[in-house]
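After this come two complexes, each holding chain A, first together with chain B and then together with chain C.
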Partner chain A sequence: MSDWLRQVLIAAALAGAALATAPWVLGEFEVSLALTILMYVGLAVSWALFCGPTLYLSLATSAFFGIGAYVTAWGLGTLPYAVVVPLGGLAAAAFAALVGAAVLHLRGAYFAVITFGLGELVRHAIAYFEKSYFMTVGRVLTDTPEKTTVYLTVLAIALAAVIAYALVRESRFGLALGGIGADEQRAQTLGVNTRAVKVAGFTLSALFAGMLGAAIAVRWIYLDPPTVFNPFIGFQTVLIAMLGGAHTLLGPIVSAVVFSLFTEFLRLRFPYAYLLVLGTLLIIVVLYLPRGFAQLWEGWRARRDRPARAAESPRA
Partner chain B sequence: MGLLLELAAGGLIAGGIYAVVAMGLNLQYGLMRIMNISHGEFLMLGAYLTWFAHTTFQVNPLLFLPAAAGLLFLLGLAVYGLCFRRIVRTAPSLEVIEARSLLVGFGLMFLVQNAVYLAWGADLQGYSFLTQPVEIAGARFGANRLLVFGFAVGASLALLALLRWTLVGKAVRAMMQSPTGAQLVGIDTGVLHPVVFGAGLALAGVAGALLSMVYVISPSMGEPYTVTALIVITLGGLGSAAGCLVGGLLLGLVEAFGMHYANPSFKMLLSYGVLIAVLIARPQGLFKR
Partner chain C sequence: MPEAVLRAEWVSVSFGGLRAVDGVALEVGPRELVGVIGPNGAGKTTFFHTLSGVLAPTAGRIWVAGADLTGRPAHVFAMHGVARTFQTPRVFRGMSAEDNVRFGLAFAGRRRRHPHDAFDDARSILGFLGLRSEAAVAAGALPPARQRLLEIGMALGARPQVLLLDEVAAGLTESEVQATAKLIARVRSELGLAVIWIEHAVRALLDCVERVVVLHQGRKIADGVPRAVARDPAVVEAYLGIEGEHT
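So, the complex of A and B:
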């Protein structure tokens, strides 16, 4: 076990223990805010798990999230919450494995567009299905679990995503993902089954997004496809991960916290101006900091280490 | 017979607009690998400018068409200079250009859409223009719809002719075939790229101006057209302007007939289904050999 992995595990354990006390220490508003933050931490880290090393640009997060949420909407009446949440993750993972096998040979913008299209496709398919078979456009959730349960579940999933990210990066599987990002043909030549690795990575990333969707769906009393397949959730996840630096673990976490706070306080008060600023910020970051804000930190570290000629660590 | 004709006409009218939007995006993507996901927002801007000029200053929307194209062209030059020039210059590979321009496109999408929300509000807007019906072979069409179809196909054919028979068109085609080769024979990327990007936005503006004569407009109308344009490009093949025209008309027909015979809420499902099927089966486009 490397030093880095040990540090991540210890930090995750400490942060988890501290955050688990929140429902008893903080007020209702703060806990709800923490829930949003944890959701975006989980989504951004699980996105970066696959898209960070492979440089694939997936916009399918909202599809996975929505599938998970709809598993809750359909199952919660008959099944307990503790069963519905992993089931939502598995449904999203199965969907990811299926489409991943079909579309992961595409790259670049084509892949981004098709994953976005898939999200919309699932959304319209569910809307169509609900309308023709159940004569309904949305569903009202009854007997939802307590807020504390939801919070602790989301916390556990977010922590699991962080730990999975760290474990994957330290494993042969993680190296294979990185090899695909650097040069897929070379990785193939070196004996990596790139197709299997890509599908597995995509599926793992979907598992967490689906579980988060299933866990957090109970927050909305009324569920309909436009709410849970909101493309904004997917965009915001990608933005958070890219702005923080998709090749790092800390970057997406920090930027999830900052972004959720921003969103909470600005978006409700100045909805249009907030998105104007968000758009401008995104353009500036892509143009001047293409590796995210982590680039600033890495630059600072490189300058600090240069006099000592220390080997530059790839980790941030 | 009348019904079939009306369905076909409805599909072709929508398809004509799709073709114009898709051609603009295809120029940008085919030539510079700029995946401009905010393309539909500029269509929306063109529609709003036309609506604004018509309702505030009583300008005839048809006369405003060249103005909309010109304004969007200038905006395109500015957007290219501010955002995409740097990406094209600094990115190490084509793949990185695609990824970064996609993200910048999202930024532009937020920017333009919310600027319009702030300026004109979230309400649906519209005006009526030449709505008296015209009867052809037992089917009735609004005069404005026929006009829109004529202008859309006219604009598409004009662009095709421009690409085929003028020196600029030749330069653009050369650049699509081989960027390095084109530069070797003296084609200036520094001039051609911004001009072509601007032309792409001008086409979006024309499509938007045409749309505003027929449909109601809203600040969120742009995104579906971006997706449709992507579908049309996929159908017609990258960099193929003629493929865009055929693909656009085809998609319009498929949607019109699918909506009538299956279910209206089936429309989006149908277009996404077509997109995904084509991407998986023939990523090079339907008409390429």
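So, the complex of A and C:
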């Protein structure tokens, strides 16, 4: 086990223990805000798990999230919450595996557009299905679990995503993902089954997004496709990961915290201007900090360590 | 005769109406060092793509160590012991030289064994190539000639049986070309690999290999010992004649 991996595991354990006390020490508003933050930590880290090393730009997060949420909408009541949540993850993962096999040969903007389209496709398919077979446009959730249960579940999934990210990065699988990002064909000629690795990475990333969708769906009392397949969730995830630096672990985590607080503040204070501010921020980062705010930190560290090391892999 | 490590049977590649490679057959035995030459657009690189699985041939079959791999993806070729370099060096620029070599060892080279201790790990491979002092340097920061060497190191990391070198001497100075030719000879004699070497700098190649194949307009027009091939009228007309006008 590398030093880095050990540090991540220890930090995750400590943070997990501290955060688990939140429902008993913080007020309702703070816990609700923490829930949002943890949701975006999980989404952004699992997004970066695949998209960070491979440089794929996936907008499928809202599709995975929505599929998970709908598993809860359909299953809760007949199945316990503890079963519905992993089931939501598995449903999203199965969808990702199926779709990934078909679209992961695409790159860049083509891949981004098709993954966005997939979200819309699933949303409309579910809306149609609900209307034709159940004569309904949305669902009211009853038998929802305690708020504390939801919070702890989301915390556990976010921590699992962080740990999965760290384990993947240290593994041959992570090395293969990095090789695909650096030069896919070269990686293949050195023995990487690139197709299988890409589908597996995409699927793993969807597993977490789906579980988060399923876990957090109970927050809404009334669920319909436009709510849970909200493209905003997908965009926000990408934005958070890219702002923080999708090639790092700490970047998306810090960014999820700062960004969620910032969004909350803007939404309360400037309900009409806040999307404008977010959009401007994204443009600035894409233009001047393509590797996110992690770039500033890495630049500072490189200047400090310049004589000591000529080459180091960016880690945070 | 021992089993061929690599056999191409009447391989053709068409792009639309263009026949880039037209019915080329080639059989390479263990420890053989074969040069492939031909004027620009002769189909050398396209032929190499089929030998390494990067491109599936439109017609014909490719056998690697007795297994028919026609149409299989490139990683399967690598698993069966085919490693290659690319015309423009394709190293993982952000990774250190050592990690570049380790990549092949972690995948195609993982289950493959090679008796020579130069293949033990990334350090020993870098040592064989004379790159040990640059192990920690980011691959993208190496000068072009060292990047070419490193790319050979990445390919050796796959612990191959046959090494395909695509113009590894292009753009190098005369002394670097000589050093590369010497290295290629050592890969064969010391490591015991079969080597297929495409090159445009014909002189250095002819001095180094024992067998040379000439491609012209997608067809194989000669195959034999360098001295005989160099005198072949068809070759002189197609290739050396043109080259002679330039030099």
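As a convention for this text, the second predicted complex is superposed on the first by the 307 of 316 C-alpha atoms of A that agree within 3 Å, B and C clash if a C-alpha of one lies under 4 Å from a C-alpha of the other, contacts with A are read in each partner's own complex, and residues count from 1 in each chain.
The definition used in the following text is that a residue touches a chain if its C-beta (ideal position, glycine included) is under 8 Å from a C-beta of that chain, and two chains touch if they have at least 3 such contacts.
What you are looking at is a predicted structure, and each value in this text was computed from that prediction instead of being measured.
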Larger contact residue set on chain A - chain B or chain C: B
Which superposed partner A:102 touches (first chain B, second chain C, both, neither): first
Partner chain in contact with A:188 - chain B first, chain C second, else both or neither: second
First, second, both or neither for A:235, with chain B first and chain C second: first
Contacts of A:179 with chain B and chain C, given as first, second, both or neither: second
List of chain C residues in touch with chain A within their complex: 52-54, 73-75, 77-79, 83-84, 86, 90, 92-96, 99, 103-104, 106-110, 136-138, 141, 154-155, 157-158
Chain A-touching residues of chain B, taken from the complex the two chains share: 29, 33, 35, 83, 86-87, 90, 94-96, 98-100, 102-104, 106-111, 113-115, 117-118, 227, 230, 263, 265-266, 268-269, 272-273, 275-276, 279-280, 283
Residues on chain A engaged by chain C in the complex (per definition of touch): 172, 175-176, 178-179, 182-183, 185-195, 309-311, 313-314
Chain B-touching residues of chain A, taken from the complex the two chains share: 55, 57, 102-103, 106-110, 112-114, 116-118, 120-121, 124-125, 127-128, 131-132, 235, 238-239, 242, 272-273, 275-276, 278-283, 286-287, 290
